[in-house]
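Chain nomenclature is as follows: A, B and C, assigned in order of appearance, with residue numbering initiated at 1 for each chain independently.
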Amino acid sequence: MRPFTYERAADAASAVKAAVEVPGARFLAGGTNLIDLMKLQIETPAHLIDVSRLPLARIEDTADGGLSIGAMATNSQVAADPRVRARYPVLVQAIVAGASPQLRNKASVAGNLLQRTRCAYFYDTTKPCNKRRPGAGCAALEGLNRNAAIFGTSEACIAAYPSDMAVALQVLDARVETLGASAQARAFALDELHRLPGETPHIETTLAAGELITAVVLPPPPEGAQLYRKARDRASFAGGLASVAVAGGRIALGAVALKPWRAARAEAALAAGAAPAEAMRAELEQARSAGRNDFKVALVERLGAATIQQTRGLA
Amino acid sequence: MRTSFTVNGTLRSLDLDPRVTLLDALREQLGLTGSKKGCDHGQCGACTVLVNGLRVNACLTLAVACDGDQVTTIEGLGAPDALHPLQRAFLTEDAFQCGYCTPGQICSAVGMLEEVAAGWPSQETQDLTGQVRLTDDEIRERMSGNICRCSAYPQIVAAIRSVAGEGV
Amino acid sequence: MNSVRDWAAPNPVTENRQGIIGKPVDRYEGPLKVTGSAPYAYEVQPPSPPAYGVMIPAAIPRGRVSRVDVTAAEAAPGVKLAWTHLNAPAQQDPPPDAPFLAPVARPALRSDRVMHFGQPVALVVADTLENAQAAAHLVEIAYETEPAEVDFAAAAPHATNPPGEPDVRMGDFETAFEAAPVRLDETWDTPIQIHCQMEPHATLAWWEDGKCVVHTSAQMVRLTQTGLANTLGIDRDDVLLRSRYVGGGFGGKGPFYEDLVLAALASRELGQPVKIAFSRQHMFHGTCHRPATSQRVRLAAGPDGRLTGMSMITVTHTDREGKFWERASNFSRSLYAAPNRLTGHRLVRLDLPMAGAMRAPGEASGMLSLECAMDELAERLGLDPLELRLRNEPDVDPETGKPFSIRQLTRCMREGAQMFGWDRRSPKPGQVRDGRWLVGMGMASAIRGNMLLPAKATFSLDVSGVVTVRQGMTDIGTGSYTVLAQIAAETVGVPLEDVRVEIGDSEFAPTPGSGGQFGAATAGSAAFAAGMNLRKAIGELGTGDPGSPLHGADPEQVTILGGVVAVGNRSERLAALIARAAPEGLTVEGEINPPSDMRDWSQHTYGAHFVEVAVDPVTGETRVRRMLGVFAAGRILNRKTARSQLTGGMIWGVSHALHDGAAVDPRYGSFVNPDLAQYMVPVQADIGELEAIMLDEADDKANPMGIKGVGELGIAGSGSAVANAIYNACGARIRDYPITPEKVMAAMMAQGL
């Protein structure tokens, strides 16, 4: 790791202030992704602002029957919360399908949302990667891109976003609350948090410099059964080849795009009476695979259709 | 920077480079080499310790961020002449071979049993709103953050089962 | 010993008078391991605070370092030295054409040449690990890249027979194959596999009175000691090498690497202990791997299922100067009867990291083809795959015509089938459902050769009656500590609690160490010999001591049991005898040298695997639900540790079937998945119910104790049983390992599933 300084933030406002004022500052929450990347010098912050102890870990009912989840709640805490388990089982299933128990005990909600791609060429600093070094090129395009995205890719980047939790949040229409650099709060749909790669894959989110995620807010759960299914190379502790979250008539997909992918076309087809497989095919019309990940098109169709069917059985 | 945390019941105060991980602080500065470095990136679980009672990867934890915390390592669970029940069970069931992942497995098992007692769900848990029943498949899923390349997996399940009993 | 016939006479181990042989006792060093108090190499406390070394891996597969600048690294905080090929100390070069695992020099930072991606090209040593790691990133290196050949599939068509290894032919395979009513001709591919020992390769070194003290993670003490001494150009005895606890080896810690050489050199330069460990990522390219194979199997059979012809040709690769290749066809020469045979290997040299031995070299890869080919042939013949194997059981070694020392393969299959419920298998694939899963069963044979190598041991008996075994042996998780204690206790005739075992030290009697499943038999036979010599010395001491009740008796008549030495009804405590008659204690040596007539027998360990898998019909994901192995591997020294070796091996088979595989990016000559998040090995949830059964056996042609190895047998064939079970579950016949979900899914889709 490059040398850095460390401070434990006293409150959210001063954390945000320091993040703007100290050059090279980054927030540190659970650290399970940031420290990993710092050891490889893929991340090289000059200053860490530890926000993990801020009083932002509460999970609270909202007036409209939804739930507000503090950004510093750990993944384990969220999955264990009785209200989450009763009302948002898809979120529990997605969280416990990800990482390992040890990692989930540290990883925060905000950190999980902001985790970076596991693209092999992003992790290998001897290879070109536009995320690491804009303009360097993308080694995955013509490479061993089995884990790459099939939706929303660009010539500059075909990396996939790895979070399981975010796929469930996406299907639940979650909103993100933040605190901005001049202490102003804002809230927006999770769908707006991550950017597709375009020509600037190094810019991954719509957050402003120093903007701190403070909570994720879930509206009341949709009518109908919820389910998360994930296909992967081993039974546990492995990234997804593809995953599907279904809640009511909504569908979101994981490991197929640089953001948690809301399958809007499939939802529309389903609402119009299409069969599950047909609905998935409607979504996959826009898919573009890169060679080694061609299988994801069929996998998403099959896994999506099966998950939709399964929720109908549960309803 | 000056950092203090409790390790196995003893308050330790260290002057730390912020880059030092909890794992390296334990191993290189406190002489507690029971916590192992298998991958240094949270991919194997060999470094698992308990921080404030929760199992975590010490390799992805900055030591300076542990100021004020309670850390328990394998050395805090038992000693060769005074084994913790799980250490005894690992020995009896031959739940290790090379022994390198073993301290992490045992610390992980201690944390895991607490999580089950608290009713935390896992991927194996079918009824998310009910009690957790500690089936063998639950043990397998919940211990999947600890890789054992010698592959003592069946013996590890047997060891944990022998301590947990059927009733958790 | 100069004949195996000398081993036929009863001895303390074969008679097992104290019942210690075979007893499932807990691991000798277990209490240290479960409490984290067994120090592995990097964890040993040196005499003064150590400095920390970090190696910098090459970023190209072939070429030269054209420019290197260590100025910034040297100026970084805490840095003590920064070495490249330009300023590294002089070292010796190895002789040309030294064989694999020869104890020869292996210099580090030797020249500007880069022979493979990940080759260490620089070293930084600093006062702290953090400073060393940060400074390592400041070393600036420029390369001149040369074209590299790294694509095995592209190179395979140009492979040729390895030097000095022509094909083995019997009868006329081609004619038999053309004439056969039932034929099979298929090719199986296995990928490069990585050992992934949990403890990264690591060394701690310091110098003491002109001698180099090194604690390192090595399987072979004498080889590593000698190799380091040759590299440094010093006497072997000036290297004191210790490898007391090894966090997994699996063959990968047979050779030694730059961590050892550079820690020794840097600690000499700095006059301070230095420790260096490979990072997990660096291990993938910086140490060795099991090379990929492409195996063409051809089987010719009559309608009765008897093989008329069998051929197995394996194409594999090694590195540019490599001396190791995967002899994956070899086992097939002893497995099934067939009058017409053609077996052999083809080799290409690639600009990849070192090809080396990995758990069950040969069998682990090779059985993944032939044992699936037998499954496919059985289906074509309409036979049960087990029955097909029974019909091709040879009476003598099918290639050499030598008698088998003992062969219980068919018994393993029959008993295993019964215990597993093999008769419940549906012969037609895709017939059994359990919930959403498709369920299937598969089986396979296991065979793995047995070896005995020269070794020595020293036994000391002290005045308290305690026997101490000292041997330059290693315990890499295999149970060496424990079985040596058991052999010593039973051979000498003392309680197990009265035995101490000290191994992993170059100052002790040399053994070849751990590898090739020869460890227990080889080191154990030397220990047995030392124990017998100690018995003899005790007998002579007692009968010659006027103060002993045994005085005047025939030393041949002396018995020792439970620490009591006796002749008839005259007896005394062993401790009392030693205290009185040999207060300085007794020390004896023992030695094993394999007699040449061992080679008159075909000698192997055997087994049969039975597996039940479930396949997700949507995604093609496979789950191993149930697995049984039945094994015949000579007399078992410890039923607990042997079982663990076997179940561990079986899980390696699961791993080879479903998970293991390093993928080479041909553009860069590097693996695309060099860490434990991207390179898959099984986790706990991948392994269902699993059992290993050991049949009663003693092989009196193997060694004086009739024992054999079990460390590699479990892996041989177990992956094939998984692959066969997947076919039985869902009709997907995947011949390209690992069998990942998308391959199974595509095969199911091709069948309209």
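Brief remarks follow.
We take it that contacts are C-beta pairs under 8 Å (C-beta built on N, C-alpha and C of every residue); 3 or more make two chains touch, one makes a residue touch a chain.
All of these numbers come straight from a predicted model, not from anything done at the bench.
Set side by side, A-C and B-C show the greater C-beta contact count at B-C. When every chain is reduced to the mean of its CA atoms, the largest separation from chain C belongs to A. Distance from the chain B centre to the chain C centre is 28 Å, each centre being the mean of its Cα atoms. Here the spacing of chain A and chain C, counted between their Cα centres, is 41 Å.
In chain C, the residues that touch at least two other chains are 130, 134, 675, 677, 682-685.
Each of the following residues of chain B touches two or more other chains: 17, 19, 40-41, 140-141, 144-146. Contact with two or more other chains is made by residues 1, 3, 39, 235-237 of chain A.
Listing the residues of chain A that touch chain C in their complex gives 1-3, 39, 41, 118, 120-121, 123-124, 126-127, 139, 142-144, 231-239, 241, 295, 298-299, 302-303, 306. Interface residues of chain C facing chain B in the complex, by the touch rule stated above, are 26-27, 29-40, 42-43, 45, 128-130, 134, 195-200, 245-250, 277, 279-280, 476-479, 640-641, 643-645, 647-652, 655, 675-677, 681-685, 687, 689-691. The part of chain B that touches chain C in the complex is made up of residues 17, 19-20, 24, 27-28, 31-41, 43-44, 46, 73-75, 77-81, 83, 87-88, 90-92, 94, 96-103, 106, 136-137, 139-141, 143-157.
Residues 1, 17-19, 21, 40-42, 45, 48, 54-57, 60-62, 64-65, 67, 108, 111-112, 115, 118-123, 125, 128-129, 140-142, 144-146 of chain B are the ones touching chain A in the complex. The touching residues of chain C, counted against chain A in their complex, run 59, 77, 130, 133-134, 137, 616, 618-619, 621, 623, 658-659, 663, 665, 667-668, 670, 672-675, 677-678, 680, 682-686, 740-742, 745-746, 749.
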